[in-house]
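The following blocks contain the structures, represented as structure tokens.
Here come two complexes built around chain A, the first alongside chain B, the second alongside chain C.
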Partner chain A sequence: MLSTYFGDPEARTLAGWRARGGYEALEKALAMDPAEIQTLVKDSGLRGRGGAGFPTGIKWSFMKPDGKVHYLCCNADESEPGTFKDREIMRWTPHGLVEGVALGAHAIYAETAYIYIRGEFTEPIARVQAAVEEAYAAGILGANAMGTGRRLDVHVHRGAGAYICGEETALMNSLEGRRGNPRIKPPFPAVAGLFGKPTTINNVETLTTVPYIVKHGAAWYNAFGRADNPKSRGTKLFSVCGNIARPGNYEVELGFPFGEFLNELCGGALPGREIKAVIPGGSSVPILTREEANAAVMDYEGMVAAGTMLGSGGVIVFDDRQDMVKQIARLARFYAHESCAQCSQCREGTAWTTRILERIAAGDGHARDFDTLLSIGENMSGKTICVLSDSCATPVASGLKKFRHEFEAKLGPDRSRGVVPALPILGKTAAA
Partner chain B sequence: MSDNTGPKMVTLTIEGRTAVVPEGTSIIEAAKTVGVLIPHYCYHPGLPVAGVCRMCLVDVEKFPKLAPACATTVMEGQVVHVHNEKARTARTGVLEFLLINHPLDCPVCDQAGECELQDYTFQEGRAESRYEEPKRFNPVEDFGGDVMYVPNRCILCTRCVRFMTEVADDPVLNVSERGDRAFIGKAPGHDLTNEWAGNVVDLCPVGALLSKDFLNKARAWELDRSASICTGCSQGCNITVETRDNTVVRLKPRSNDDVNLYFMCETGRLDYRWINRRDRLDQPQVRSPDGALRVMDWEVALDAAADALRGRRVHVLASPNASNEALFLAERVREASGGQGWYRVSYGHEAPLPGVPDLSLRAERAANGTGARLLGYHELTGAPTIGADDAVLIVDDTLEQHATDALLQALRAAAVLVHAGTTLPTAIADRVHVTLPLANHTEEEGTFTNLRGRVQRFLQSRTAPGLARPSWYVLADLTERLGLTASLAQPAQVFDALAAAHAPFAGLRHATLGLRGRLVANAAEFAEANAGATT
Partner chain C sequence: MTYGPNAGSLVRPPADHHEEAHTPVFVGERREQLDVILSRYPTKMAALLPALWMVQDARGWVSEGAMEEVAAVLDLTPAYVKGVTSFYTMYHQHPVGKHFIQVCTTTPCNVCGAEDVVQAFLDATGCGELGLTSPDGRFTVIEVECLGACGFATPVMINDEFIESVTPELARRIVTERD
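Coming up: the complex of A and B.
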């Protein structure tokens, strides 16, 4: 579905996209009542593909025809380590995204939509910008969108390279020209979002999927997925990277067996190697061992059952050459670097975690560091404005649990730094 | 307070106590009403909520996660736990995080003793550190104005940033960098020279923003503090005068929602050295037959002053920084003899604080110009007309600022010159018949009337030099000798006599002024008359 035209340069142009059935869904949708589209998407079972998996139709249904100015934000700030699915959508099918954005804006009673694209995505930005310009020139967007008399404006905004700006409220702050700091919720974006107006934020993949649902119907989309799980329907893009034979983007039906995915579709481990660990949904989710990964099922519930999360669908594979301590330290360093510095726990905790891990990785750790790491993680989780702090603590905790032997193998001599021995009391011996 | 048209009230339980607060109140404010202080750093009632320090996390029953008390509004029937295991553990965690990169240099930090990081760590922080890594270091930075920034002590609560951005409307400060590399940055080419910038030092809960003026001057626990009113302008900001060994070392704003909220300006804050001046009059003196001023004891001097004034028309030249009480008693003398009452005042630039309605550094640079006007004094511009047989009673006009030759000539030409003040002006020193040493406003008790007609008390914070006495005391002794008032033994009695004698003050009683003041009867006129000038 989404990946059909990956690699097909003609699909990038308006003419090419139209020849492939593009903008038919938008035309159909503009003739529909927004509430009808909301119901349609609700019935399709589509859930947010950015990572949280919130049902898209329900999110849209928060937007009522209340006469207020509404905004749609398309989150194209794809920065989760290991995730590169949105990039491919924007590179190959930019019109698919523009169509989805225009359709989504109509569905939530908005006239204006913003596509917030990660600043480093130079090619995707150029592709999407070109598609938007083509769409304006063709009258698909603008004051009289597709001749319906409705106004639909789409603006492409280039981010400045902060991971946190992919968090929806930070994204809105960034769009407004403020520092990209997450906001306290409530108020939720549907009540007071961008410029204080009701706002919906959707991921690129989510919005690009919607035209297919409008075109083929909710039941058609709902038919994808494993039969025994009514909660995860449709298909999903997975980006696979790391120590694997065939890395790249794969679109599979939700409910696909993860073992088959890794070993058959992606070709398994590199020759002579063995897969050791897999992060299934972007760097923020708990790490799986090979055994756990092989038994997991690729949908929201399946991954939860395996003790992790589907997340953004960024699959990172580690083979037996990899030093897990080093890998986890690298992940923590990423979060420490990207913490927005608002919440005390995240600002200090991510950096502290990184320093401890890097010290252990350098062979200067002590067993008590494990307790400290877990305790810091506990103090960092569930207590901050956004989940960046939790995202740092999660892989550390799961890595420490599942690969503890690797951590233990790295421990160095106890230097007892920072621990001051009790001073002997005058007149008494310390031993007493 | 409560009436039927008021906001809807919400009842909730905080730490087992029942709080009834208006709808929309935050949990942190609701807790204050039942005597529970929820530890916090970034929250400040005078600033927009940030919710970033995560110190005020409380356990609300039926909430999945701990909730920030500053950013969570109360709901009917809510049950809030502040001191249970879950909330306390979270706070201990926050304190540990805040301290890992903190230099722990309390012994050399100005904030020690009034530091919220120190207080809460002492209350519920960990006794020992688990941090074994090197600490982050950033150099001290001069922020300009009176402010110095010590980034290593900063907990990034952003109170200063929010004050400058939202309240002072002068966004000079920002959070620069990310992660634990973050620090408070200053816009290039700008300094904290805003008239209200000094408030960031008060707002800073730790020792990160310090007053350069106060730097290393005193430890917080050595200071004595008393409630007072700023004499810098007619706004009448409520302040705390802080003294060390009888010397005023710092002025701090004292909150009053009706006047200055939590703030005071730099002009008021830094203008305190004159209070400590050493060239004060400290003994009563009377001119002897040989022409020299001789030290006398109080009774002799007061008799001499009364004798000199008796039977003459007495004009009064009073300072607009004199208390209502002193102005009232001097006015008795003037009024009984048919003389004039004058005051002289300096003017400066106005500097409103945009985020707070009706708060500004006012052009009239005196605390009690309104009181003087209400008590029948007129601003003196140019030279006064003084008859050849008239007496002049000078009440603490130092004649230091813009005293023209014409004014001095006129005063010198008066038949009798009685001076009551803190210093003896040299220009008239050879002409005064009696000089009576007065306490300044930090050395006595009294009231000022601000530009909105709010009568506010100030209390004594230090002792007066030598034999100097409170102005109300000296002038009451004089009016009693002249048969104009009964014996008045307390400043409260003087104020109540004032209220009985002057219509604008009718209905006010010293006992009910409190420390937030009361409005005079015709205060509405001031609000209207001045509304145009400030907007």
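Coming up: the complex of A and C.
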């Protein structure tokens, strides 16, 4: 479905997209009542593909014809380590996204939609921008969208380097020309979002999927997925990276066995190596051991049963060469660098977690550091405006639990005093 | 060794850095371009990120003089503009090398050998250290957090150019091919 035209350069142009059935769904949708589209998407079982998995139709149904200005934001700030599916959608099927965004805007009674693309994605930005311009020139967008007499505007907005702007309220702040600090909820975006107006934020993959549902029907989409799980329907893109034979993007039916996915579709470990650990849903979810991964099922509930989350579908594979302490420390550094520093639990917690982990990785750790890390993690979870802080604590806690032997093997000599990491503070260095 | 979140990703100003008098960016064609951008949003402030991009595209970096101009054009204060500029990692607040090289070293690339790619760039460019500009002013190398192309490790950005699957060998070749 989503990946059919990956690698097909002709699908990038308006003519090519139309020849592949493009914009038929938008035309059909513009003749439908928005409430009818909301019900259709609800019936399809589609859930948000950005990570949280909130049912899309229900999210849309929060938007009523109240006479207010509404906005749709497409979240294309894909920055979760391990995730690179939206990038492929935008590179290969930019019109698919533009169609989905225009359709989504109509479905939530909005005239204007913004596609917020992370600043580093120079090629996707150029592709989507070109598609938007083609769509305007062809009268698909603009004052008289597809001859319906209704206005439909889609604008591309370039980010400037901040992971946190993938958090929906931070994205809205960033779009408004502010620092990308997440907002306190409530009010929720559906009540007061972008520019204070009712707003819906959807991921690239979610919006690109909707035209297929409009075209083929809710029942058709709902038929994908394992028979015994009514909560996870449809197909999903999974990005696979790290130490794996065939990295890349794979579209599979939800409910696919994770073991078969890793070992057959993705070709398993690199020659002569063994898979040691897998992060299945982007760096913010708990780490799985090889055994746990092989037994897991690729849908929202299957991953929860395996003790982790489906998240964004970014699969990171570690083989037996990797030092888990070093890699978990590197993940923590990512979160510390990307913390917006608004909440002290996150600003301090991510930074101290990183310092302690990097010190352990350098062979200068003490057993009491483990408790310190877990205690910091506890104080970082559920206590901040957004979940970046929790996202840092999660892989650390699961790594410490599942690969404790690797942490223990790195401990340095015991010391009578508490171990203080060497910190360059205002030019001075605290004694270790 | 330096522990901490910003190790490797901080760009340091060149030793002889001084700010020259600012000449306006938003004149002629660029002013018209900005007006088109302004028409897309209900507030002037929303054009701030696009305006800063226009400055950086024109001048290579965003000086305090440029921030003042942006503030005047968008009815904001210079302090506010600086606050926003400094939040985002892609805006340069002082001059950088002609080829600004960002190497992704976050976990997925790290397990595929990204640190060797960084070292190859540092050696080949003569930068020596992350965040420093090479003595000839041609290169600056920094580590960047997840470029979102994890399946094509190691992705590297050189200015606006995105290069996938960079190995240490390719890194050395890339450097020799740049002017």
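Criterion: the second predicted complex is superposed on the first by the 414 of 432 C-alpha atoms of A that agree within 3 Å, B and C clash if a C-alpha of one lies under 4 Å from a C-alpha of the other, contacts with A are read in each partner's own complex, and residues count from 1 in each chain.
To be clear about the criterion, contacts are C-beta pairs under 8 Å (C-beta built on N, C-alpha and C of every residue); 3 or more make two chains touch, one makes a residue touch a chain.
In this text the structure is predicted, and so the values were computed from the model without any measurement.
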item: Chain A residues touched - chain C or chain B, whichever exceeds; value: C
item: Which of chain B and chain C A:Gln342 touches, first, second, both or neither; value: first
item: Partner chain(s) touched by A:Thr350 [first = chain B, second = chain C, both, neither]; value: both
item: Partner chain in contact with A:Ser79 - chain B first, chain C second, else both or neither; value: second
item: Touching partner for A:Lys383 - first (chain B), second (chain C), both, neither; value: first
item: Touching partner for A:Gly147 - first (chain B), second (chain C), both, neither; value: neither
item: Touching partner for A:Gly412 - first (chain B), second (chain C), both, neither; value: neither
item: Which superposed partner A:Ile184 touches (first chain B, second chain C, both, neither); value: first
item: First (chain B), second (chain C), both or neither touched by A:Pro65; value: neither
item: Touched partner set for A:Phe195, first chain B, second chain C, both or neither; value: second
item: Shared chain A surface residues [contacts with chain B and with chain C]; value: 162, 179, 336-340, 350-351, 355, 359
item: Chain C partner contacts - residues on chain A that touch it in the complex; value: 69, 78-84, 86-87, 118-123, 153, 155, 157-163, 174-180, 195, 239-243, 247-249, 283, 314, 316, 318-319, 322, 327, 330-331, 333-334, 336-340, 350-351, 354-355, 358-359, 362, 421-424
item: Residues of chain B defined as touching chain A within the complex; value: 49-55, 57, 65-66, 68, 71, 89-90, 93-94, 96-98, 100-101, 129-134, 136, 155-156, 158, 174-175, 177-182
item: Residue ranges of chain C touching chain A (in the complex, touch as defined); value: 1-7, 9, 40-43, 45-50, 52-53, 74, 76, 83-84, 87-91, 102, 105-108, 110-112, 144-153, 157, 160-162
item: Contact footprint of chain B on chain A as seen in their complex; value: 162, 164, 179, 184, 336-345, 347-352, 355-356, 359, 372, 375, 378-380, 382-385, 417-418
